[in-house]
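Just so it is clear, A, B, C, D, E and F label the chains in written order, and each chain counts residues from 1 on its own.
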Amino acid sequence: MCLGVPGKIIAIDNADLGTAWVEISGVRRSVSLACLLDETTEPESLIGQWTLVHVGFAMSVIDADEAQRTLQLLNEMKALEQEMDGHEIRG
Amino acid sequence: MKFVDEFRDPELAEHLLQRIKVLLNTAPLANRESVRVMEVCGGHTHTIFKYGLDRLLPSRLELIHGPGCPVCVLPRDAIDTAIEIALQPKVILASFGDALRVPGTRMSLLQARAAGADVRTVYSPMDALALAKQHPDHSVVFFAIGFETTIPATALTMLQAERENVENFTMLARHISIIPTLKALLDDPELENDGFIGPGHVSMVIGTEPYEFVAQAYGKPLVVSGFEPLDLLQSLQMVLEQLACGTSVIENQYARVVRKQGNAQAQQAISTLFEPRASDYWQGLGEVAGSGLQFRPEYSHFDAEQHFLCDASKPSDIVEQGCCDQVLKGALQPQACPLFGRVCTPSQPVSALMVSSEGACAARYLYRSGEHRDVG
Amino acid sequence: MSDKERISLAQGEGGLASSQLVESLFLQAFDNEHLYQREDQARLELADFIRQGDRLAFTTDSYVVDPIEFPGGDIGCLAVNGTINDLAVGGAIPRYLSCALILEEGLERALLERIVASMASAAREANVSIVTGDTKVVPRGKADRVFINTAGVGVIPQGVELAARRCEPGDVLIASGYLGDHGAAVLAARGDLALEMDVCSDSRPLHGLVQEMLKVSPDIHAIRDATRGGVATVLNEFAQMSQTGIVLQEGSLPVRPQVRGFCEILGLEPWYLANEGMLVAAVSASAADEVLSSMRAHPYGCDAQVIGQVVAELPGKVQLQSGFGGRRLLEPLTGEQLPRIC
Amino acid sequence: MSDKERISLAQGEGGLASSQLVESLFLQAFDNEHLYQREDQARLELADFIRQGDRLAFTTDSYVVDPIEFPGGDIGCLAVNGTINDLAVGGAIPRYLSCALILEEGLERALLERIVASMASAAREANVSIVTGDTKVVPRGKADRVFINTAGVGVIPQGVELAARRCEPGDVLIASGYLGDHGAAVLAARGDLALEMDVCSDSRPLHGLVQEMLKVSPDIHAIRDATRGGVATVLNEFAQMSQTGIVLQEGSLPVRPQVRGFCEILGLEPWYLANEGMLVAAVSASAADEVLSSMRAHPYGCDAQVIGQVVAELPGKVQLQSGFGGRRLLEPLTGEQLPRIC
Amino acid sequence: MKFVDEFRDPELAEHLLQRIKVLLNTAPLANRESVRVMEVCGGHTHTIFKYGLDRLLPSRLELIHGPGCPVCVLPRDAIDTAIEIALQPKVILASFGDALRVPGTRMSLLQARAAGADVRTVYSPMDALALAKQHPDHSVVFFAIGFETTIPATALTMLQAERENVENFTMLARHISIIPTLKALLDDPELENDGFIGPGHVSMVIGTEPYEFVAQAYGKPLVVSGFEPLDLLQSLQMVLEQLACGTSVIENQYARVVRKQGNAQAQQAISTLFEPRASDYWQGLGEVAGSGLQFRPEYSHFDAEQHFLCDASKPSDIVEQGCCDQVLKGALQPQACPLFGRVCTPSQPVSALMVSSEGACAARYLYRSGEHRDVG
Amino acid sequence: MCLGVPGKIIAIDNADLGTAWVEISGVRRSVSLACLLDETTEPESLIGQWTLVHVGFAMSVIDADEAQRTLQLLNEMKALEQEMDGHEIRG
């Protein structure tokens, strides 16, 4: 039920209705931007952004830096672990 | 797929699994017979079984499948009410597909459709609104269920209908709030868990702050998690790290999507349309104070129940047969229910836990049934 | 409302209007001596069958797909290829089809003509003749535009014995192409999900491919086309009928990115999506390489992949092995997932 | 609304619910080794056919009759007998049928069970096996409860050559029974005419009768079952395909009093009403007596009558001679008269 | 069948035919090239062709097929109006089967049904009323056509609906009166006939008196006739006897059914509901004063045209293609129309005369076409 | 359109609605008697009578005597003609 899928905002669909086309692995659907828009955000500014889509609504802009950080942490952990493994083997 | 495939990387998973094993074998956890972590959200339950994480994780780490599947907690009388409305002439009931197989007291919405009700599956509440515009001579009712992830979509669709003056569109709302539910669970003496995996997409809306009481008042760690296997493994690792250190704080593994304050527009939409109700009954959970939502008086014309004058005072003479309440609280594993796989199967579910693939019973049955039963 | 020519009840009554429809549409399109006889049954020389094999294969399917026309095909080519494929996966050389239409009063004649042309062209491609038929028209609202039934007969060459129960541990499972293209294309074309994607149905006849496979290995154990219920359902049939276990490698299942996206959005799994021109074969390990090469050399098998193995464990069950080693069961399709896919 | 068990979309999806339906209903009812194989096609020994004749007969019909159950039968026995008869009138010994159902979601399972039982019993009576099948379920409102398609295969014994084009001047035309019983029974059962009458459908298999006829005269020229469009339409087909004329004697056409009353009230003519177990044969004058006797000796031909002659005049036309000598044309059925009669 | 089979006796027919031949060869008829008798009623036309009487009668006795088929004179715009109503949502149009194939300016009711209109065939107007009761959420409109035979049934059904308070039932009435039609025909200079076979069932309602003017003012004999072959042959004989004697009176061959005064209850029902209209246009006949009926003001709520606000002032830009008007007046035999059997056939009628088997063209085509045309 | 068929009134169907069952060569239908009833006629009195049925209404009671008279006339004519024929042949 809480299924959310990352998609890229590729074009405004209906500016009045606040809808945009989002592409998810080659599939396009028009979704509502209502949760992403406030007084300071223009719909156009969202084009090119990745968003999390849930039941036809863009619910959140995905923060690519944070994603990177998470993965980096995992990779560092892996490196660390391998290092430690190495120590253990050698030690 | 970007933001998906990276988080399904087998090698990183392997390392996380290693780290989890190490943590479980580290004092103070090493001495304990088992460590119990509850994933609150059905989406996580689904990921666990879909990727076979349950078989990869050490058996001493016991995963408890929590109540966070809105389909699984739908009370039978909600289904009855939906059917009662759907069977009226000139009514189209639009619903997410997940709700169609949930048994009511006499039948499911699928069976009602076979018996003549006009029930349509939609992907989005906006698609239900589109149905209303396509069928001006019908009354279209959207069966609105879900936690805070979904409530903004419901509310924004309704506000859109209001703006467009679509008058043949109402909602049968059975939304449920996460925080009161979590509180009730924590207050339940039957619940025995050491920490929580917090729901990623609910938190995307409400933020991470509302969980503080879990750590502060109940002393249990909670890590808000994404839905890919790496997300979940990392979150489990983070919970275990806290347990290992004896700390209990709220952490956010899913920072790429979840902000501390959540989504202001989404919160705004919810509170414009809805207000909490004193108490509601949920399947498996019983009465939970403040867990349900009702339309604010100024939006009561959206309320399908008022519109169709459903008899809300129906006696609830339901004798529950299975162990759903205990499974939901983690007191029992699904396969321990005597009905599991025999009387209760996904094609003939006794209860909603066996319906949605996010329900603990259905997930277990669909992905691991070969180990338990003969094939019918 | 328009003045477009529409199908009337009279055209299904067996009288003048019926025969005019037959003469002006079916005889021309399907064009063969058997049909021209206009008897109540086609008459086919048995001697001609005997030359090709020792068994007659006989099958039927009705087609109720919605929408009627979709990217990559329509109900007409589906009805021809689908029944051909049910013959083909028995090892048969398809020969003759029947065509029985149930039309809803008011159907646009132009649409019917397109469908019939599509059937005719699919039959030509597959070298089968549509030799007998029937047309019924029901009042508006009593059917959904067009339903087609085709039955088919073909000949199974001597020595060929394809059967689900023949799968045995050690067999290699090969899929002839991408999973779920047809199901995704049809569901997206239906429009109610408001999803747009560029994927075409894989509707196509598979007997040529099957015959190529049998040429290099006449002892292939089992072949089925993965239609309703998808690869997962076919493999469950293999597992149950042969009482073997099956293990699939998730990573080697060929799925197009769009189809995967489609599934992610809707919470579906591609191995339950229908194909209409893709088969799964169980081949003994020793023959697998040769069979795979022969498939890849055929235009309808160029994307063929080994997708799993038949094993002794968990007889009757299909397991899916994910990238990091977790295994889980793939049950046959439970409940309604995707109605009116064919 | 009731809690009666109803058919769901899932039962047409090809997954678990589909196979449960097949196992719990069709396998039991139709009960034969071919069906038990549960392959995508039945496999039938050609050697077995060759023993009975030299040609395979192949035919199909869909059945959409409304109401589904009527005095003297139901859509199930109709679907079996109707297709058997299309084989029988080619001189074939019917052997195997397919059965493809299109069900409307919400159909009562009990009704489906009655229909399937009726098919099974009709097949048993006629000594044919239903060896392959298909079930689709469409959403409520997209079909009208049950549509059935059956295709059939049979064997035509050597030397038999029944064909409309073989009618020749001098031939005697024999009807095997009363005209229009089926059409009148179904129309009256529909209820919207508010007419009550005691007449039953004549749905029954005719291959036994045909084989008896061929025994006494292997050279019968043509046989057709008079279904949609009635005797008038069949005889027009005879006249047109053989380019002969046909003259019928109104007084010798067997019509039950109720069917005649039914026609008078509605302004219909009984020779346009459908039968489902009545045939018309064109027999050379020299063989007519013997054929007629053989028919009358058979339970399904006991009401057989000579109804007219093939002539040279007015080729392609059927004339009806009234009691006082006036002749008029019987055109093939024009326009919609009686929809959904089979 | 009693009262039917006796009147189909071949031997008696043979003697009537002999007598007719004798009369035609008796002075003063013997000298005339042909004697022309018009059967007014389509039912008679149908009998003539159905029993092949046209081939049995001497060719010098020319039968002219008159306008008495209510389907055949239906103007195209009546069909258009019926279609316009039937295509409205939630409307069921109930009609006698005969009217369904009559072409309007763009299509027939059958084609409209194929295009989505809800058109039902009924045997009786009472069955249309039953439909209205079965479908309370639909508006049921009965397409009421016919001469005086049928008008009482329409009127009595409407009065029944009134008694039962059935509010979703109205009528599109296109009834036509026989007497004004006959008058117009007699006044037409193109009509050349020596006598009439009078309509049996119309007369059953109106009696035989209203025909007196035919004999008195126009000096032509008229014999009201039954519908079996013997009835018709006897009536023809009776007309010829008059012509032979030089008399012209109204006679009643169909005394078993027709009374001099007609049926009072039926007449009463007609005049309660309907009143004559100034003038109406009929296919093939043109404008005929006083021939059409309209609802009396107190029953105007039954009028489907008022109810559905049909635009009655539609321009009638119809170019008639065939010779229907001349055929209807007996100025031309059907097969002499250049469209007959080529462009105009029962399955693709250009006009209503080719639709109903009581229409001269359809009857001729269906029962004798082999003599004229190739088979398509 | 003006099709009428003779049938026998065999039973009252609904006395309030004035409908009766008519049998026509073995076929039964309920028809309205409205055209046959007046103040002096009881529906029951019509049972056993033959009537002409048109579009679901009994339109007229068939006068069996008149029918007989018509047929008698025809038979007499036939007899007369045969007699005359006889004269002619003999004469």
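The criterion applied here is as follows: a residue touches a chain if its C-beta (ideal position, glycine included) is under 8 Å from a C-beta of that chain, and two chains touch if they have at least 3 such contacts.
Just so you know, these numbers come straight off a predicted model, no measurement behind them.
K.L.:
Which contact partners do subunit E and subunit F have in common?
P.N.:
Where subunit E and subunit F share a partner, that partner set is D.
K.L.:
Please give the pair of chains with the highest number of C-beta contact pairs.
P.N.:
The chain pair sharing the largest number of C-beta contacts is C-D.
K.L.:
So which chain is the furthest away from subunit C, centre to centre on CA atoms?
P.N.:
Most distant chain from subunit C: F.
K.L.:
Just grab the chain with the largest centre-to-centre distance to subunit D, centres being mean Cα coordinates.
P.N.:
The chain farthest from subunit D, judged by C-alpha centres, is A.
K.L.:
How far is the middle of subunit B from the middle of subunit D, if each middle is the mean of its Cα atoms, in Å?
P.N.:
Roughly 56 Å, centre to centre.
K.L.:
For subunit B and subunit F, what's the span in angstrom between their mean Cα positions?
P.N.:
Subunit B and subunit F have C-alpha centres separated by 77 Å.
K.L.:
Centre to centre, by mean C-alpha position, how many angstrom separate subunit A and subunit D?
P.N.:
Distance between chain centres, rounded to whole Å: 64 Å.
K.L.:
Would you kindly tell me how far, in whole Å, the mean C-alpha position of subunit E lies from that of subunit B?
P.N.:
Their C-alpha centroids are separated by 72 Å.
K.L.:
Which subunit D residues reach two or more other chains?
P.N.:
Residues 8-10, 16-17, 139, 193-194, 257, 260-261, 264-265, 267, 331, 334-336.
K.L.:
What positions in subunit B touch 2 or more of the other chains?
P.N.:
1, 4, 110, 123-124, 127, 347
K.L.:
Where in subunit F do residues touch two or more of the other chains?
P.N.:
Within subunit F, the residues that touch at least two other chains are 3, 5, 24-25, 56.
K.L.:
Using the touch definition from the top, list the residues of subunit C that touch subunit B in their complex.
P.N.:
192-194, 240, 257, 260-261, 264-267, 314, 316-317, 319, 322-329, 331, 334-336
K.L.:
Could you please specify the touching residues of subunit C with respect to subunit E in the complex?
P.N.:
1-3, 6-10, 16-17, 20, 105-106, 139-140
K.L.:
Write out the stretch or stretches of subunit A touching subunit B in their complex.
P.N.:
1-6, 8, 17, 24-25, 31-32, 34-38, 50, 52, 54-57, 59-60, 62-64, 66-67, 69-71, 73-75, 77-78, 81
K.L.:
Spell out the residues on subunit B that touch subunit D in their complex, using ranges where they run on.
P.N.:
Touch list, subunit B to subunit D: 87, 106-107, 110-116, 347, 376.
K.L.:
Going by the contact rule at the top, pick out the subunit D residues touching subunit F in the complex.
P.N.:
Residues 188, 193-199, 256-258, 260-262, 264-265, 267.
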